[in-house]
Amino acid sequence: MSRFTFLILCPDQVGIIAKTTAFLHQRKGNIVYLDQYVDPEAQMFFMRLECDGIGLSSDQLRSEFNEALAIPFQMQWRMDSDENLPKMALFVSKYDHCLYDILGRHAAGELQVEIPFIISNHPDLAPVAEQFGIPYHHIPVTKDTKPEAEAAQLALLEAHKIDLIVLARYMQIVSPKLIDRYPNRIINIHHSFLPAFPGAKPYHSAYARGVKIIGATSHYVTEDLDAGPIIEQDTTQVSHIHSVTDFIRKGRDLEKIVLSRAIRQHLEGKTMVYDNKTVIFH
Amino acid sequence: MSRFTFLILCPDQVGIIAKTTAFLHQRKGNIVYLDQYVDPEAQMFFMRLECDGIGLSSDQLRSEFNEALAIPFQMQWRMDSDENLPKMALFVSKYDHCLYDILGRHAAGELQVEIPFIISNHPDLAPVAEQFGIPYHHIPVTKDTKPEAEAAQLALLEAHKIDLIVLARYMQIVSPKLIDRYPNRIINIHHSFLPAFPGAKPYHSAYARGVKIIGATSHYVTEDLDAGPIIEQDTTQVSHIHSVTDFIRKGRDLEKIVLSRAIRQHLEGKTMVYDNKTVIFH
Amino acid sequence: MSRFTFLILCPDQVGIIAKTTAFLHQRKGNIVYLDQYVDPEAQMFFMRLECDGIGLSSDQLRSEFNEALAIPFQMQWRMDSDENLPKMALFVSKYDHCLYDILGRHAAGELQVEIPFIISNHPDLAPVAEQFGIPYHHIPVTKDTKPEAEAAQLALLEAHKIDLIVLARYMQIVSPKLIDRYPNRIINIHHSFLPAFPGAKPYHSAYARGVKIIGATSHYVTEDLDAGPIIEQDTTQVSHIHSVTDFIRKGRDLEKIVLSRAIRQHLEGKTMVYDNKTVIFH
Amino acid sequence: MSRFTFLILCPDQVGIIAKTTAFLHQRKGNIVYLDQYVDPEAQMFFMRLECDGIGLSSDQLRSEFNEALAIPFQMQWRMDSDENLPKMALFVSKYDHCLYDILGRHAAGELQVEIPFIISNHPDLAPVAEQFGIPYHHIPVTKDTKPEAEAAQLALLEAHKIDLIVLARYMQIVSPKLIDRYPNRIINIHHSFLPAFPGAKPYHSAYARGVKIIGATSHYVTEDLDAGPIIEQDTTQVSHIHSVTDFIRKGRDLEKIVLSRAIRQHLEGKTMVYDNKTVIFH
């Protein structure tokens, strides 16, 4: 029997937890995880719930849940079963450290995901893809070829039924069309503790400002550059002895960890987005 | 109307969440917080739940809860209402930094607790107590006077109906009688990342070993020295340039923060203990 | 005999270390600490040096050093002896947590400094000052009385020969005259990881942005608001479950630690400023 | 012209810095880095110094330095030039995460070192080595074959003139002969914050104890198991919700970072060892 994971978002009301758990209980479900959160300003209710032991098909359960709970409580909701491995596409440019890290983790069994291909606007990292046996599509992006490039990207994404796109230091702005098509399903890593130092060359700006901490931020991509919902952030101490090169070196470790944590949380269905902010269940 | 906070511990079974939330829902309760955890090895179920809007008295609610849920599910449970401020006694010796920190936080309104008195085996910190207007009881402890000292301590604790005892660098071993009387209600701060460096002079031992991190640990006191359930731990980096004196100075900040976090979590009813480990709800 | 501490800043040239150490060696000095740093972009040389065993008076040593080294190497330099305790003035408004922390640390012997008085634009914290036996000057600041208030502040600072001013959550902008008079000797604590969230209400802005880390920054005050040389920064993790109130509570601990570290580093003569950045020796 | 890096250790005496810097200055050397440290208990002096611009050969400079300074000051010392890339051998068993991390960093240009080969007591990771084009020697170790295995290891190490051995989760105890032959040149990663949880299965022990932090430690290997000089340590927070599997997953990131930092510091000549402790220059 499958394990079903529910993500539920609705206006806060009395009785949601009681009725949802009763619904599952009546169907012989055993709740193995329940966490909920109420946004006190928006009065919105968020819940994540994992349930074992229900003998229904996914479709049947979805249909009953919809009628009994989702409609009456005006829920935005999603139910995943653990039957299928999700599919993740990687977008890269020339920097290889995040790519090595993700592929190394994947090879080491840390990420429960299929990686059907890598897309890059440069040919440089093809050997890395080859090393790990993953198809590499070089799709150059110039001012003139942007529409064709996007079309080529979209065609690949759709042909492979991609669930999640990861921009692993992809140094291009992603097109609004792609963002619309994959809302809250494109994760970017930005190499600063946003909202400080958005845009290009954040390590150089951090060095110029003389900060004593540097950071990295993973977030869902929206049309506002580096302003989407933040998934994970972390920082590390620096000092006057560190050059820009040192910032970059130390930052690489942050980028790798902050990006891989965000990927894992997304893949495990632990992220929800509301009002440009994330709820991250543990 | 009061807010009621439930802490529930019982063998894991199907239906606990559903039945508990239904019970509260039937009594017009609005669940504003629910977090639960199942220990996968012990198969024990832990839940913390806050509920508004129930028009019953504490006693009536306790009685109905007991019959309907606690007995059938074999729950160990506790229900607190937010009507009464808990009472905390401080035990100190000669070190003043944790005492200053707790009293400063208390004066600044950070800790929702009453501090009826401070007990010390030395007279040294009486002026600090006086500065903050808190009674200070000097109860010397020697080998010979130990039983009388304990009796005097217990008399004070009971006379003031103390809920929580905090050993804020109290350099004495607490008697088994006190520990029995206040199970999981005595919090100690130990100045190392336990289980490393239990016992006396951990900073000196850490220095001798050449560690690159030092830490602090707050834990409930049990009869095994420095081996009780850990509530909070934190660490900070040190290097070869730091002397034992530097370790002690840097450690003081850790001790203050780790102890004050543990106190707050206990006071907010977010700690549960099972099998010498804590469950700390967020 | 005194211990002398030198802070030296000059254009980088071959031979500075060799000649400086030879100079001290010839006068029977034993160098107990030497750390240096070259800013590779500005080609500026920074050195901190502690020296024991020299039998000269401060004045005599200063005069000889000036002629032999400072003039030829175009040094900006400072030499302190450990004979006098520096003097620190505290400026506060209504928030008491940093004040309690500094006074608690001072009382516990952590800060080698004299605190002749506290200045505030509000009367609220007078009881805290009284608790610790430190004079409290209530100098209200309004649009109209600003010049008089500044004059009163300056008069107090000069009468007491203050070396360092600490703005311990002083919610006023300090006048340019004061900044000019005490360059790199006014330390402020700002409750964000600058350059993110400068100005008012940074915790509210951080909450609105949905960040996963919050921070605090101590810096020297310059005429550009929250843009002076950064001395210390630290951050802590937050999550969606934390309200603005939680941000403020968690931030208070950061503010206290980041401010007290900056104060200590300044008092120990371990900070240098160049080009709006700090060099912090260990 | 080469950059020369000196590491110097000797009994603390007046004049070492002055005479050493004068020696280099007389030979047209420009000191680009100098950091020193005096162990106040052992009264030992440690210095690291980088120097450009000297027109002598390494041998000539070594010889002059020896006569002028090393002999009179009883120095233990080492001088490296930046002409040759050091050589590092990796020892692994079956865990691949540290191996992927090191090889990924090496491929990404983060580690200035040659990796002539990998040794393992198991065949499992041969494909990883092959992926990165590095020779893999499978040398099984059993009770009976231990002497032959060691001889085979030593033969490889000597044939390739290995400078540094890294035990990247090599689950075997290294022979005293190897340790003797490569003193302070074998780096191990242990998956706990030593001295807590030495030996086997530290994550399981940490889980059983209910700690709230886990850690990793890189250290030079000595004959006392997990008791050699510590190079780097780091920790991360865990909570009751984390299973042993979570500890292992979170710990992997610590292991990778703590090991790679230790490797880099060693390769850059920033580590010194005295009395089973390290001095790590920045």
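Note that the chains take the letters A, B, C and D in the order they are written out, and that residue 1 is the start of every chain.
Definition applied: a residue touches a chain if its C-beta (ideal position, glycine included) is under 8 Å from a C-beta of that chain, and two chains touch if they have at least 3 such contacts.
Given the structure is predicted, the values throughout are model-derived calculations rather than measurements.
The minimal number of chain-to-chain contact steps leading from subunit A to subunit D is 1.
Across B-C and B-D, it is B-D that has more C-beta pairs touching.
Farthest from subunit A, judged by the mean position of CA atoms in each chain, is C.
Subunit B and subunit C have Cα centroids lying 36 Å from one another.
Averaging C-alpha coordinates per chain places the centre of subunit B 42 Å away from that of subunit D. The set of subunit C residues touching two or more other chains comprises 239, 241. Interface residues of subunit B facing subunit C in the complex, by the touch rule stated above, are 96-97, 100-101, 104-105, 107-108, 110, 128, 131-132, 239, 241, 249, 252-253, 257, 260, 282. Subunit C meets subunit D in the complex at residues 14-15, 17-19, 21-22, 24-25, 28, 30-32, 34-36, 38, 53.
Subunit B contributes residues 37, 39-40, 193-197, 209-213, 215, 217, 229-235, 237, 239-241, 243, 276-280 to its touches with subunit D in the complex.
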